[in-house]
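Right after this note come the structures.
Shared between the two complexes below is chain A, which has chain B as its partner in the first and chain C in the second.
Our next item is the complex of A and B:
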């Protein structure tokens, strides 16, 4: 198995996973989506709320704000030394104390820690009018996407098979396939003698339009064991860390199962 | 629904010379489908299948049947394969 990164920036990554079983590709995708822990607000104390919104609506909105996470400093609450009661190494609190008229943004939260703060400062929460006030203490903790989607470190996380497109000898260069392809995978302009070539195999969606339209039956598309992953992060964790963490979690599950089996036998 | 504890628990329901049925509490398709794939790669394995009776209770059953090899050994070897595959990719990241 091999990973080749095609393009990468702060929030997006595209990579190809070569020679992997499809079960592994799917487990990797599911692990990134649902098993990597990130921070989100899970509990709020409302001391004063004279805005037009109910406490519950505010709680929901505040819960969905992504928060920058440092996995080396925080434990999952159920694995923490405090036994799940809440302590500085498994939770962090934010304070909000504002008075209208103003629009309350995620950046108005004052964090106990300078590094652990909302990823974006410009997420609107509620509009306060004259005389309205909000006093809230929000407590964030680590959680996994399986529990609630606010704990998901990725928004888009998908893979598709990279096909192998073969153009055989009996091709008569009729270019019907070039016109039929909805994703511009095939082309004949770039080659010297007007031959059909595969220009952009990663864009192919295996729709088989080119195979259907080819009268000579000269195009053959086969599936391979290579997968193109498209992952878009939300910003709590760098994307590479999400990938590493997901693999580590899969690995630790296998190790844990072996340990449990040894205990029984 | 009970809160996700995140901890794996296994309970052996049925055990024989070459067959095994166990409940893997707290897991889902993410791990079990991967394990099933690597179990089936082993030529000693005749049946390897998991079933999730209810999506919320989190008590999937795993059934392994072999042609003579100890099924617990087979599961351990499959887990070693998963660890090896993850390590291979972790080195490249």
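Our next item is the complex of A and C:
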């Protein structure tokens, strides 16, 4: 198994996972989406809310704000020394004390900690009109995507099989497959002798249109054990940290499974 | 409209309830809403604005295209500011 990164920027990454069973590719995807812990506001104390929105709607909006997370400093609440009651090493609170007329943004929250703060400062939460006031304490903790989607570190996390496209000897260069391909995978312009070449195999969706139109049965598409992953992070954690953390979690789960099996046999 | 008042800075557009995240894919979109609004107000088409903001998927694009403010309606129903 090997990972090759194709392109990446701050929030997006595309990589190929080589020679892996498809079950592994899928569990990797699921681990990234639902097992890597990140911070999100889990409950708010409302001391004063005279805005037009109900407390519950405010809580819901505040919960969805992504919060920068430092996994080395915080524990999951159920594994924490405090036994789940809440302490500085498993939760963090944000205070909001604003008066209208004003638009309240995620950046208006005052955090207990410089580094743990909303990823974006300009998410509008509510508009306050003259005389309206908001006094809120929001408490964030670590959680996993399985529990609630606000704890998901990635928004898009998908993979597809990278196929192997073979053009055989009996191809008569009729170019019907080039016409038929909806994703411009095949082309003949770039080759010297007018032969069909595979231009962009990563774009292929395995729709098999090219195979259907080929009268000579000269094109063959086979599935490989390589997978193209497309992952888009939300910003709580760097995307590469999400990947390594997901693999660590999978490893610890597999070891736990091994132990259980050894106990039985 | 009763209850609706001027706010400092930007003119009141009653747009402060834009969903924080896309309903379908969960990507954060609200931080781009005001920029989108500014682009629309400067005469750009929604398509141009969304392309410039880098909103690629159609689930997220429809969030911008189909959004209707309700805080304005709420302010009308509640009358005087409490």
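The working rule: the second predicted complex is superposed on the first by the 256 of 265 C-alpha atoms of A that agree within 3 Å, B and C clash if a C-alpha of one lies under 4 Å from a C-alpha of the other, contacts with A are read in each partner's own complex, and residues count from 1 in each chain.
Keep this in mind: a residue touches a chain if its C-beta (ideal position, glycine included) is under 8 Å from a C-beta of that chain, and two chains touch if they have at least 3 such contacts.
Here the structure is a predicted model, which means the values were calculated and not measured.
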item: Superposition on chain A - do chain B and chain C clash or fit; value: fit
item: Touched partner set for A:171, first chain B, second chain C, both or neither; value: neither
item: Superposition-derived angle with apex at the Cα centre of chain A and sides reaching chain B and chain C, degrees in steps of 10; value: 140
item: Chain B versus chain C as contact partner of A:261, first or second or both or neither; value: first
item: Partner chain(s) touched by A:161 [first = chain B, second = chain C, both, neither]; value: neither
item: First (chain B), second (chain C), both or neither touched by A:251; value: first
item: Touching partner for A:52 - first (chain B), second (chain C), both, neither; value: second
item: Which superposed partner A:147 touches (first chain B, second chain C, both, neither); value: first
item: CA minimum distance (chain B, chain C), superposed complexes, angstrom; value: 20
item: Shared contact residues on chain A - chain B and chain C; value: none
item: Residues of chain A that touch chain B when the two form their complex; value: 1-3, 17, 20-21, 23-24, 26-27, 30-31, 34-35, 76, 78-79, 144, 146-147, 240, 243-244, 247-248, 250-251, 253-258, 260-261, 264-265
item: Contact footprint of chain C on chain A as seen in their complex; value: 50, 52-53, 61, 64-66, 100-103, 106, 119-120, 122-127, 129-132, 149, 152, 155-156, 232, 234-235
item: Chain A contact footprint on chain C (complex, rising order); value: 3-8, 14-18, 20-22, 25-28, 30-31, 33-34, 57, 71, 74-75, 78, 81-82
item: Complex contacts: residues of chain B adjacent to chain A; value: 3-10, 12, 24, 27-31, 33-38, 72, 75-76, 79-80, 82-83, 85-90, 92-93
